[in-house]
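Two complexes are shown next, each including subunit A; its partner changes from subunit B in the first to subunit C in the second.
== the complex of A and B ==
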């Protein structure tokens, strides 16, 4: 490989990695939020992401709702969907037997249920493409090329992350959510309504997954199995330590860039397996993640 | 006494089945027994020992490919290929168990899930050996010179091996090792304080569970003619997990019952993927909401209520 080619590949993978990485960061953020407050890794997130993308598609293409209405409508619908799942199913599961294994299995159930329902509607029968929200003219930066749409994705994702940062640090509700994540009992003692926080977090997290879906769908082929993308969000969350919100964001960009580098420098076939190897490597070498702080064991 | 009679009747019926049943019924029976062995194996790891390993389909696949390749290359008797597949799976399970010792709960689940998907990638990409995405034809395996061509030929072998695994499982759960498994599940610290070698027990659970999965793979090759890497992914692991959860985690009878009920479901609904997914999803959620201890939990509650 010549130096020129190396530079080109390097810059290109950095550029594309930042764009896809911003989506993984959003997905990881959604995952970590839920894990922190309800102690369950949400295996159904991929399907929430998938269903949200289809809701957006149906509103946009079949009901010809304008963009500016479609986005809030989709986010709201998915917010309530997530909140209802927490209220109706997870709360009951936690009451029946609080073991985290049972909660995980319930989210797996959600995942299959949503996928089956989506297949049943027939919309997902043929692979579809999502109309681009932004122009796809290409722009060059250095040696790398990207589209206007790519910049819009990156920009909007960063804006959403900034909004969440502000929300978690400066609003009462956001701080209460973090408190529940740190120590649920202490949070109850200082007057946090923990049940309300739980469904709020599920709603918010689902809405973030929906936003990620709306942003990235124009770059994907839509099928009922598109939720598989969320595995990269999982990988990002793990790289970030699984309990740290900033870690999730950093992890998202790391995974995005690594994925693109593997694709350009190794082979496009290796892309598929890269996230799994990343998950295993990080868990083996640094189980607490890059920003996870010191490893701690739960007491009996 | 009543239980023993019931067991004898069931056994006789199982051995007499090939005389009355059609080829499809025998195929279904073979497949269900493979699910039973898979469930028994995963139940040891998750149900008994509480280690959330999600790479079961990978070990199943290792068992299948080892048995098929060995049979194609040497024509070794089926029991040899089956044992070879199971042993290789157990060996890899041992290694996975050893490197997973540092992890627990969600981290263990995710790393074993990642391992399983990586193994499936190997199945799908190692084209010269596994046939890659085109799949691999399975030649009839041979048993003491007889070629096992149809489901009928394979049935008795599958039945005997499955029963052997069932007996083995019952023996293990009643042994010291079984108690050690459950002690580790309830509390690692307490188990260690009681003198249980927690690391050794965990590794043993991983290896044993992989051994079962590998053997189930070997059984699968005796009556099937084709294997595709697509069917060895996370979905299969989840299907087996569903079986043991619906049956009741940690119960041998539950694992068998869950495997039979859900195996039947998935086979009958195979043409209707969307229904299969909806029903699976609904069963998982409802079961966790109203019967967190599975069918066995419901049965026990009913008996206690009397």
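== the complex of A and C ==
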């Protein structure tokens, strides 16, 4: 490999990795939010992302709703969908005082339900996409190439992450959510309505997944199986530290860049295994994740 | 192959089949004085419905036509139809029901290769002649067996082989970028592509990707950086679309050739890519004798409109795969015709193993042989700039042969 080719591959890995990584980061953020407040990994996150993308498609392409109306409508629909699932299903499962694995099974059930419904509609029979809000003209930075749309994806994803950071640190509701994640009993004692926080977290987490879907769908193609990308979100969350929101963001970018570097410097066949290698390395060298803090035994 | 050669081979086949028929005295399953039962199966529901619905319709309309013309040797074709949902378990269940309960004489079906080949063991154990509908089914065709015949549309090996033949002979390029899947499908088409590239003195630079890949930047950039003079894509519609999009984004203006695996819905593909600029130098592989709906195939599309007037008015009908079902049913009726008035399963299987004919539907002749159970191994190519396909001169063939 020549030096010039090395530089090209390296710069392109960073550029493409940051763009796709921003989507993985959003998905990881959504998962970590739910895990922090309920101790349940949401295996339905990918399908929420998928359904949100199709809602956006239907509104934009079939109902000819303008982009700026479609975005809040989709986010709102998915927010309420997530919140309703928490109130109707998860709350009841939790009240049944079963093992917490029942909650995990409930999220798996959500995943299968959403995928099945989408297949029944027939809309997912062929891969689809919808027009991008931003131009798809190519722009070169150094030796790397990206589109205006790529920069918009990265910029909007970063803006959303910053907004959530501010929300969690500087608003009463955001702080209450963090309190529920840190110590639910203490949160109840200081007057936090824990049930309200839980459905709010589910709603917000679903809205974040919806945002990821809206941003990436014009770039990728929609199918009923597109939720599989959530595995990369899980990988990002594990690499970043499953309890850390900033860690989820860092993990997303790491996975995006590692995927591209492995594809360019090792082999295209190895792209799919790259995130799992990253997980193994992190678990071996820093089991709590990059920003997960020290691993501690949970008090009961 | 010349018409005379076909007639000659048909006579030889008929004579041998008659000998085999005479040898078998017992009544064959599914055969009566007035009818012959054929088990027809494919996906009639589920997510793979689009792959099988119209091929099944096309097969039925061909059998109807044969019945209206008086049947085969005076026997009307009686179809028993089963839904296999393109799932391996359902295929096996359908085949067992058709053979054991409905007692069909032979089988015609299967639209999805992976699911269809699941019937292989049962079919061979029961020695039932089986002609696949529009599944390529390479793994059931190589090594060849006595009773299973497929790839009436094309085999995966021939997909790869014909792509190379087109790129080297028509586009006149010798350094080829090749994007395939990292699964069995990809391995099959790559095997023939590598053989053909060697034959034609071309260099193949291969990038194999997972069909569910989300970011295709790495393989496309590597192929571009390798200096490949054309990009050949044998992946499914989703990765193929991502490849076209990415090549355009990277400013790679080399010719792109998309295999039939990736062109299920061209209108949707253009919408998904988002700009017709990306299609300026794009070619697609087609397996039919003409452009779909072209003069040579008008009779096929007219026949479909007559048989299914309401369905023909609905969007996406007939599907691009429709004619493949017709060709598959033609294989069955040709074999039954040549097997003579007292056909046996053994006789029909023997006829199939030696069958050669021009369907008038597919790009090349349908031809099996001693070491070959893949029916069709040719393709035509269209230049597709985002709206209409323009036929490129010539028919392109795969010269890879099984040598096991």
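Throughout what follows, the second predicted complex is superposed on the first by the 296 of 300 C-alpha atoms of A that agree within 3 Å, B and C clash if a C-alpha of one lies under 4 Å from a C-alpha of the other, contacts with A are read in each partner's own complex, and residues count from 1 in each chain.
Here is the rule we use: a contact is a pair of C-beta atoms (placed from the backbone, for glycine too) under 8 Å apart; a residue touches a chain by one contact, two chains touch by 3 or more.
In this text the structure is predicted, and so the values were computed from the model without any measurement.
J.: State whether A:269 touches subunit B only (first), subunit C only (second), both chains, or neither.
T.: A:269 contacts both subunit B and subunit C.
J.: Quick check on the superposed pair: does A:11 touch subunit B, subunit C, both, or neither? Answer first, second, both or neither.
T.: Touch status of A:11: no partner.
J.: Have a look at where A:280 lands relative to subunit B and subunit C in the superposition and call it first, second, both or neither.
T.: The answer is first: A:280 touches subunit B but not subunit C.
J.: By the touch definition at the top of the document, which applies to A:173: first (subunit B), second (subunit C), both, or neither?
T.: Neither partner.
J.: Pick one for A:119: touches subunit B only (first), subunit C only (second), both, or neither.
T.: both
J.: After superposition on the shared chain, which partner residues are touched by A:132: those of subunit B (first), subunit C (second), both, or neither?
T.: It touches subunit C, and subunit B stays clear.
J.: Overlap of the subunit B and subunit C footprints on subunit A, residue-wise?
T.: After superposing on chain A, subunit A residues 119, 269, 272 contact both subunit B and subunit C.
J.: Give every residue of subunit C touching subunit A within the complex, in rising order.
T.: Of all residues in subunit C, those touching subunit A are 47, 49-50, 182, 207-210, 212-215, 217-219, 221-222, 225, 237-238, 241-242, 249-251, 264-265, 268, 271-272, 274-275.
J.: Within their complex, state which residues of subunit B touch subunit A.
T.: So the residues of subunit B touching subunit A come out as 46, 52, 99, 102-103, 105-107, 109-111, 113-115, 117-118, 121, 125, 187, 189-190, 238, 241-242, 245, 249, 273-290, 292-293.
J.: For the complex, give me every residue of subunit A touching subunit C.
T.: Counting only subunit A, the residues touching subunit C are 5, 8-9, 12-13, 16, 20, 119, 124-129, 131-132, 136, 138, 145-147, 218, 220-221, 223-225, 228-229, 232, 256, 259-260, 262-264, 268-269, 271-272.
J.: Under the definition above, what is the set of subunit A residues touching subunit B in their complex?
T.: Interface residues on the subunit A side: 35, 41, 89, 92-93, 96-97, 99-106, 108-117, 119-120, 231, 234, 238, 242, 269, 272-273, 275-277, 279-280, 283-284, 287, 300.
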